[in-house]
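Right after this note come the structures.
The following pair of complexes shares a single chain, chain A, combined with chain B in the former and chain C in the latter.
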Partner chain A sequence: MTLNSSAAPAEARKFNIDTVAHALETPDVELPWAALGLKENEFDRVVEILGRRPTAAELAMYSVMWSEHCSYKSSKVHLAQFGDKVTDAMKEHLLVGIGENAGVVDIGDGWAVTFKVESHNHPSFVEPYQGAATGVGGIVRDIISMGARPVAIMDPLRFGAIDHPDTPRLVHGIVSGIGGYGNSLGLPNIGGEVVFDSVYQGNPLVNALAVGVLRHEDIRLANASGVGNKVVLFGARTGGDGIGGASVLASESFDADKPSKRPAVQVGDPFAEKVLIECCLELFKASVVEGIQDLGAAGISCATSELASNGDGGMHVELTDVLLRDPSLTPGEILMSESQERMMAVVTPANAAAFEAIMDKWNVEYSWLGEVTDTGRLIIEWDGEKIVDVDPRTVAHDGPVYHRPFHRPTWLDALQQNTFDGDRPADGGTLRAAVLELMASPNMCSKDWITNQYDRFVQGNTALAMPDDAGVVRVDEESGLGVAISTDANGRYSYLNPYEGARLALAEAYRNVATTGAKPLAVTDCLNFGSPEDPEVMWQFAETVRGLADACQELGVPVTGGNVSLYNQTGGVPIHPTPVVGVLGVFDDVARRTPSGWRDDGQAIYLLGTTRDELDGSEWANLRGHLGGQPPVADLTAEKTLAAILINASRDGMIDAAHDLSEGGLAAALSEAALRFGVGARIGIDELCERDGIDPFTALFSESQGRAVVSVARSEEVRFNDMCTARNYPHLRIGVVDAENGALDVQGHFTLPLDELRTAHEATLPNHFA
Partner chain B sequence: MTLEADTLNSTLDSVRVGIVTFPGSLDDRDAARAVRLAGGTAVPLWHGDHDLQSVDAVVVPGGFSYGDYLRAGAISRFAPLMEQITAAASGGENALPVLGICNGFQVLTEAHLLPGSMIKNNHLHFLCQDQRLRVENADTAWTASYAAGDEIVVPLKNQDGQFVADERTLDELEGEGRVVFRYVGGNPNGSRRDIAGISNAAGNVVGLMPHPEHAVEAGFGPDSSAVGQVGVRGGTDGLGIFTSVLKKLVK
Partner chain C sequence: MPRIVVDVMPKPEILDPQGKAIAGALPRLGFTGFSGVRQGKRFELTVDGEVTEELLEQARTAAATLLSNPVIEDVTRVEVLPEGSAEGEQ
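The block that comes next holds the complex of A and B.
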């Protein structure tokens, strides 16, 4: 077992170290602040804070910690709304809110759940396998840092056009990276999204969500308290991978003329992370750590400055004690390295031996780096010479804050006036062909080829996974207490109207969770946007945050944490604004969760909600190459009522299947509900058309919100109707489950044998990628 | 519950089944749950110990025992506990019953308790799906609850699941009735002769790639079952593997 070395290694001396004393003697030395991603005004501010030029190591720390990725300098002023618009009632279930590694939500019986979604977009474009793998690794470490056992992951993914020559490289690399890492950690992958759109061609979105479970008393926070307590770094050794990942890679746009940024991508070792999970859980159980922080973006710079500034305010570290994979790393590189599978903890001297015993049991390497002080300074030494002497708050929390200029795009009016006037199939034959085309299209086709590369069974608690509306995992084996999670976003809706787009993303995730029968409790978000230096992108961002914060308030679910990913653009073309919203809901007993498909012959099929002529931004318009107009209306009062109906119906055993209507409208919902268990249905849409004043095409393809289809046992129909009537929610019996004919029969219009529908639905991804 | 069933249950409860945990084991807690649901007592065993804790049977669960960067199971076979397991499992008909699932199967082949080896799936992807199997041999310690020819559905999930062996070994396995499980309805990974699981000559050691421990509890298993329609994730066809060994040990 490796322990810390009392004598610095010989290599430590070979550098011409830029000490604090040296910095004072040489105020005029040229520093590479621009190459490290700092702007001139930011560098001047560092000099002002320190009262001298920074040392090379200090410059490295400030440059990563003040990067967009770590400091949220462009987004902070907007994100404040997530806090400002939270009411006391919304905080009822919140144990830990925004600002920690992840939010923690009380789900009852002394249990808590922590969850968060993050991006790893740029690394995944440069090196798809490792980028996606370490995206999973990073979010899982955030969950462990809260004191929780990770229990599930989800991956919302967005790729360029399905037939673009570069797309297979990304799909294969990213999917196998997520699988290779997540499967090796023993975490069931219970859901996510897969979207293809050419707007993501040069900038795919790889978001990763992780969920963890803990008892209330096990919550751990990232702070270094207790003067004299020891600071320890454990897990993998520090190497040269991921240097500048946060500052250079995540905080700048791609440019074809610049060199490849591959060295800035981290390399993952899932086995090391799996061992780290188990050994951290054992540390928590034995109560031998006072504070803990994972090492992600900005590595040791981030961990030391955040732990110190959140605790007693000071820390003293000897950097030559860091265990290295590559002995040639400079102090600045060691501080910036984003090598994976590392954690930093604060341990009392009395617990040091117990800590070491647990490390030894799991064969995890560790080194004692220093101790907590009350000096208010973060002092880092290199072989006894001071190379960093800063107030840690100035590194971790007092970064620049920008009020970036923003304005409504000049092109938006014209875009919103350009409503869909394309092809609207009218007769049975063309409607039938349209449903087949929709269900085989890249965004609506079966994602089994991808999700079957992920383990959804491990841990034995998965009660629902894809393709159901939300992933559901059991938390307590005795009571059946569990959680449901769904992530959603629609970049096209947000492009047409970012304020409404954000509300729609939340509405859909909220509806999906309620569709399975869970009560929505909390929100995490990953806001993926182009460059904040573009005032039009900044306006999209501002509108999105305003919309999401308003919608959270209206639905009564707080944002507990998340991530902002900016600079998602190649050259001058930004991605569609893509706010990925994750909603967490709770079940008293997951045994009552509602699957998305029906099975029992003769059950009645109801459509809940109103269908309007809302085709702008729809999948159908997308298939016809149209993007314009206004997205569907988000009526959050209706969403709340619909959710209440779905939750009650689940709790009281009134419904046996429920599927929400979103992209692809009723056509997609009926197809998916029938294909889920291979059981057909006879559907009549004429009464619907009459009631809502629409044509059959609109009935099938409109993407009006606040809708779901459910199947109801005959014995429960009266009760179900009474409930909907009492809540004054539109409900219409549109058909019956037909387990005999093996077809989706839209009576008077067309019949689609399920075999034919399934073949079309399942062939698309294998045709392109297998 | 009848008095007889009560007695049987309390007797099954006395059977101690050890579940080995390597640093990278993933399905160890699931295997323990399966033993409990079958009525037995699960006993956690640590790979680094030299102590089998007088268990009556052992399950080597799935996962990535040591990361499997070299070859699945290649390092685990040298774990201290594997010495004890190999010795105890090699004593003929009344030797310790050992079940290797997925990575555990790979470990048992590396330890030479079972012949053959697993290579990467022929399609080169990790594959997770509900898998139909036929029980070819119902005389082993782990399959006595089934009848030969029975079909079961249990989850399959692996990247290195393609069973390979030389022709002579394959003929020997077939000839001696040591092919215990065979894939039905399509070979998911290119395994020779559709073999999903095998046993040693005495029948106390069985290895299989699919995961019976993930088809033991209604609501959390596969969506289908070979016995007919089941509820959502209601497949429990794998439970028989665990009841087999408990009943055998009670007898």
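The block that comes next holds the complex of A and C.
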């Protein structure tokens, strides 16, 4: 096979190679550790570990592997709670927990699913299309490396203000990048979030979640066991893309006549990734690999050190055997390159020929790099000369751990006392205008313009997708067994109270999954924060992790994996703490899923839960430019009961539609349920106001938790009422589905024709971006 | 009418999936003499009247900001085609 560049023979690559022997001879050479992002104490620690100065290649490895992104050095001490607070009962469905490429959950009948959410925030700001595209590619490779077939993706996105001049660049690039990569892979994009807030202006959040499916016996863990087993790199060639810091190595004295500037972004090739998916699945099926590790951040540095330290502890690699796209790369750059669509595998010598046959079948390039040893050392050679000689654990696992100082922000008390005192529409006319304004607002408007650019139904297993509460995909075509997933976060809630904000994010994702009728089983999280060196941000982080771990314990769902993204700030101003929480639930049969919209004329509409005056942090307050007070209360006991009601009602066929109440409160839920299938309703809120002691505005706009609206067939009303009463959960009949009136009629207050509501709801994104 | 030609290529370090796909297709179709392909793009900006230095400068700015993505692409040529040049004619 001929490709667009060939690996140059080693002798043609004329570098001054900094070998281990050379490092011993020249202990006083100045190394660019600071420019590579290492702190002085960290560099000193590297010298102490090695007992000499590191070589250029070793410095490259330590600097990327000890970066915040790879080592979790600031977050580790807090993240331990996700493990500490897991009970045995929570582990019941957990086949693989935190710490592997992705967690694996048992969903019954011998099936398992693996899922994980990750961030690709910074690359997406620099180069929106490729940044977002390679974010999808990276998370999909995590799923493949567990032995699973990827079946769906989701993308929670946060942009700056909708009317800022830089926002269209990011929206267009990021949305096309996700669509371009995901659609090319043939994976349905079944949901996510889109939020606009000026705090994300210089730092958009692009999180990507992937779900994969596998049989129990197909689970694979990435480690390099078995002395004498061979190490192979396969997939795309290694190029100079995505090496931000390594340019420093290239320009600082090691080889002065090289191109000094390496682009920090990577370009993805979804068609190569599609081949890689099929090729890896065949490798697993044929049992010719002992383990597979995907190459993401830190590239070969990460793959070799992690595989070696998770296995028998040693590995020997010849780096000139790496197939290159750009023959001018230095060893350090090869070790750091983040070129996409690459994988590393461990293969027994007996299986080598079978491995090569599968590679040839899929036309995938590969190169044998070395073998597993029991020396406890990771040795990397360049044309036979030793350039790396380290204990792989010191690179992959024993990086620095920081107990960063944190303290409660001094401004928080004043913020929490500043409760919402803006306008509260009281009469029918102003309430009607308020609902229209809310539903046309950037955060509540229809996201169809974005989700229509994604393929939501490819593969034919999608049962629900945006704009329903959760994405639902079928896993087993025979039985209808399937999963539901939702991701949620509210940065404003977390800014007001990070502990409660994390609990609220989990509560909403949990409620969304239950609203479709699925039983919530497991959690993944992507924690997006500002700089950990800011003690106030660190406090927000600590509170968030504590809140999420507590909430997981209360709801009985374990965190199975995820990602931390720090340093999300611009000019010293951090983003709102944004813990994106993904919850995965299971369906015995996706055919019984509950959609979010009304369909059948005459069905009764019930509101479940209690409405309190909780407008702080709400969308309405946001529209009035107010952010202060305390977020709504997260009552997780109530959430559990509500979830049980929604799941049972789905299983027993009592309800035909269900929609959870969250941002925008009852006004948003009613509008969305009506617009979903274009079927209106007659609603009465006066009894609700009387029961809960609130005014009509609060009834419509409060964001109290633990609530949902459902539609119930007349024949099921008695049974449904009895079930809610038996569980002692507040339930109130607030109206009737009306397929004739074509309007949302809030009786005694206002009538909103659905055409008018739809026009307002759907025009916002096209007006700004089309 | 005079034309200004702008050539844009992916930066040498950056993966070029299209070029790679073409490189893979060449030998399958019997073209075995090529060891690499990189695919760029060409723009032709038509000018009414004379090409002034000012217009050429505008073209350079447009090439650097609109016609190319400076993060992943290089502008490799901004040049006036001589009047009557057959290059690029339909």
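By definition in this document, the second predicted complex is superposed on the first by the 739 of 770 C-alpha atoms of A that agree within 3 Å, B and C clash if a C-alpha of one lies under 4 Å from a C-alpha of the other, contacts with A are read in each partner's own complex, and residues count from 1 in each chain.
Keep this in mind: a residue touches a chain if its C-beta (ideal position, glycine included) is under 8 Å from a C-beta of that chain, and two chains touch if they have at least 3 such contacts.
Just so we're clear, the structure is a prediction, and the values are computed from it rather than from any experiment.
By the touch criterion defined above, A:Asp326 lies against chain C but remains apart from chain B after alignment on the C-alpha atoms of chain A. In the superposition on chain A, A:Asp455 makes contact with chain B only, while chain C stays out of contact range.
Using the contact criterion defined above for the overlaid structures, shared-chain residue A:Thr764 touches neither chain B nor chain C, since it reaches no partner.
Applying the stated contact rule after C-alpha superposition, one finds that A:Phe271 touches each of chain B and chain C.
More residues of chain A are in touch with B than with the other of chain B and chain C.
With both structures placed on the common chain, the touch criterion links A:Gly239 to chain C but leaves chain B unconnected.
In the superposition on chain A, contact is made by A:Gln340 with chain C only, not with chain B. In the superposed pair of complexes, A:Gln130 makes contact with chain C only, with no contact to chain B. Applying the stated touch rule to the two superposed structures, the overlap between the chain B and chain C interfaces on chain A comprises residues 269, 271-272, 363. Note for the complex: chain C touches chain A at residues 10-17, 19-21, 23-24, 26-27, 32, 34-38, 69, 71-72. By the touch criterion stated above, chain A contacts chain C in their complex at residues 1-6, 126-127, 130, 236, 239-241, 259, 262-263, 265-269, 271-272, 325-326, 339-340, 363. On the chain A side of its complex with chain B, the touching residues are 176, 179-180, 183-186, 269-272, 274-275, 278, 361-363, 451-464, 474, 477, 590-591, 593, 595, 599, 677, 770. Partner chain A is touched in their complex by these residues of chain B: 23-24, 26-27, 29-30, 33, 48, 63-64, 66-69, 123, 125-129, 155, 157, 159, 211, 213-214, 217, 219-220, 223, 229, 232-233.
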